[in-house]
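Two complexes, one shared chain (chain A), two partners (chain B, chain C).
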Partner chain A sequence: MSPATTLYRGHEGMWMWVVHRTTGIAIFFFLLVHVLDTALVRVSPEAYNEVIGSYKTPLYAIIEAGLVAAIALHAFNGLRVIAVDRSTWALRHQRQLVWAVWIGFAILMLGFLPRHLMHAFGGA
Partner chain B sequence: MTATAEAPAKAGAVPSMTVTLKILRFDPDGLDGREPGSEYWEEFTVEAHATDRVLDALHKIKWDIDGTLAFRRSCAHGVCGSDAMRINARNRLACKTLLKDLNPARPITVEPIKGLPVEKDLIVDMEPFFASYREIMPFLMTSGPTPERERLQSPEDRAKFDDTTKCILCAACTTSCPVFWTDGQYFGPQAIVGAHRFIFDSRDEGEWDRLEILNDKAGVWKCRTAFNCTEACPRGIEVTKAISEVKRALTTGTV
Partner chain C sequence: MMAQAPDLTAPKRPVSHSTLGRAQRWSWIFQRVSGVVLIVLIFTHLFINLWSGDGINQIDFAFVAGKLASPFWQWFDFLMLTLAMIHGANGMRMVIDDYARKPAWRATLQWALRIATVVIVVLGTLVLFTFDPCPADADPSLLPSICEDI
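Moving on to the complex of A and B:
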């Protein structure tokens, strides 16, 4: 039994690496499920309708919001990683770019969430 | 009554303070009735001056409190690169880190660097780290007869790899890398820094031999730009920038 060691105190770059990896894996599993449920239409259209119908429940509306959040974060941070790899300016300002990623993410979610939640819960 | 100049505190006196060091220890032999190979935290409290470094506190522990504490150090002045360790959860050199900069009000945690096998207390087996360094062939490679005089180089050409000549092989960068922690196959930031120093040296002709080694799937492409290496380097080398330059040389085909 070995004692708990400390968690490495990296800065923004390390945490964005964690975020990128977590969202990447989440998106991969979404795509896996998505391929399976779409393929179901070839097996049985009734079963397909039933599965897709369950996505209209409030629980899935929240999961859907999480999916959009994961994709938005992964996309914005992906652009940051590309920029860091291609330009020395971006490499030296990578911390500021982390904030740019979160600001872009916040703006996108502020536009998306009210519309999406109104649609899911407001009955609009 | 004649006025007398009351001597206040002695001029130049350094304020002292009490600090607690919480050290992660590893005992391979099983002394004092411990199981061989047991790992445990141990706290030591020492008196230190405001000018003392973490290394001075470790010396005090080893010399005055517990002689079994094991750690590496050689020059003690930030040049030899022996005493890289994880201090307050970040890789630093114990000889370049002042106690007063670490919030001495709370215990200062000291752990061995991560990702290399621990041998005893703060000493790790550096061999996998040096093996990666050897693999990138860190020596001058030339063809043709040896010139009778120095191999000349313009200041501009010298500046291209100036940053990476500062490396002291302390392993603070490699063992701060999240990719290296989970994938021991990865060359690690230091080996790429070592390769960069020769790849961008105009006098060297082995650049493509080294670039081919680093083009491997355990090479530069494993870098995920987490920037831990750049932030950990006690010499201030822009490690991620050096790795980026190697990546760019590989994608553009020009050095």
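Moving on to the complex of A and C:
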């Protein structure tokens, strides 16, 4: 018997699984660092301002944009996973829902990125 | 090109939600429920801190202290901290189980994860609830405007 084809491997669902896992791991490690840097408010205003000041550099502005992108993808795809688990309609339309995730992601980033980059690189 | 999967053999012991066990089932439910709540919390957090006002440039001690002086933001941040850490640790637990094959290495990573999670949640909670927005010995120009009345 020849190997059966699968709806999963190599298709949208598998790639969204990869996206979900990589963004999840990235967000987790950021969260550890983010709690530690915010904990500096307990040390002194100077200590907090100095460390947070380094987040206002161009390099970090791009990392922050990547972080927001990771959170948006993880959030929208998480909603897709819940929908596909819970509703037969969503299961039948899971390919279209992958597109919905990426369209929602694009709209959110179009709203966020120009404003964030203007804040970070001056101008606004 | 169609992707091909290897033949599947029947599992020796079928796995379903009722055989996963109580802990696994609760972990699954928690991940879904906390995920939805975290979308609301984190999107609000990002909207207030990174999009409104002056965006990233407004973040300094005065901004954070001004927010955390209010019990609403203390409890908001506490909920976001604990849900995000447990949601993240629960995901990382599954990632470790998937990739760490040697039992000793897997146990080491799982314990490191548990310790890191407890440390971060306890540290963050202590900071949120023992924090003084107007430290007496600090430079007044770095403090939020609410400190002027004190």
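By definition in this document, the second predicted complex is superposed on the first by the 112 of 124 C-alpha atoms of A that agree within 3 Å, B and C clash if a C-alpha of one lies under 4 Å from a C-alpha of the other, contacts with A are read in each partner's own complex, and residues count from 1 in each chain.
By our rule, contacts are C-beta pairs under 8 Å (C-beta built on N, C-alpha and C of every residue); 3 or more make two chains touch, one makes a residue touch a chain.
Quantities reported herein were computed from a predicted structural model and do not represent experimental measurements.
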Scan A:10 for contacts with chain B and chain C and give back first, second, both or neither. both
In the overlaid three-chain picture, which partner chain does A:84 touch, first (chain B) or second (chain C), both, or neither? first
One more residue to check, A:94. First (chain B), second (chain C), both or neither? first
Applying the document's definition of touching, compare chain B and chain C: which contacts more of chain A? C
Could you tell me if A:26 is touching chain B, chain C, both of them or neither one (first, second, both, neither)? neither
Just chain B (first), just chain C (second), both, or neither: which does A:109 touch? neither
Go through the superposed model and pick first if A:51 touches only chain B, second if only chain C, both, or neither. neither
Could you list which residues of chain A make contact with chain B in one structure and with chain C in the other? 2-3, 5-6, 8-11
Touching residues of chain C toward chain A in the complex: what are they? 1-8, 32, 35-36, 38-39, 42-43, 46, 50-51, 54-57, 59-62, 64-65, 68, 81, 84-85, 88-89, 91-92, 95, 116, 120, 123-124, 126-127, 130-131, 135, 138-139, 142-143
Per the touch rule, the chain B residues reaching chain A in their complex are 24, 39-41, 86, 88-90, 109, 111, 114, 176, 178, 224-228, 231, 238, 240-241, 244, 247
Chain A residues within the chain C interface of the complex: 1-6, 8-11, 21, 24-25, 27-28, 31-32, 35-36, 38-39, 41-42, 44-46, 48-49, 52, 55-56, 61, 64, 68, 71, 75, 78-79, 82, 112, 115-116, 119-120
Could you pull out which chain A residues touch chain B in their complex? 2-3, 5-14, 16-18, 20, 81, 84-85, 88, 91-92, 94
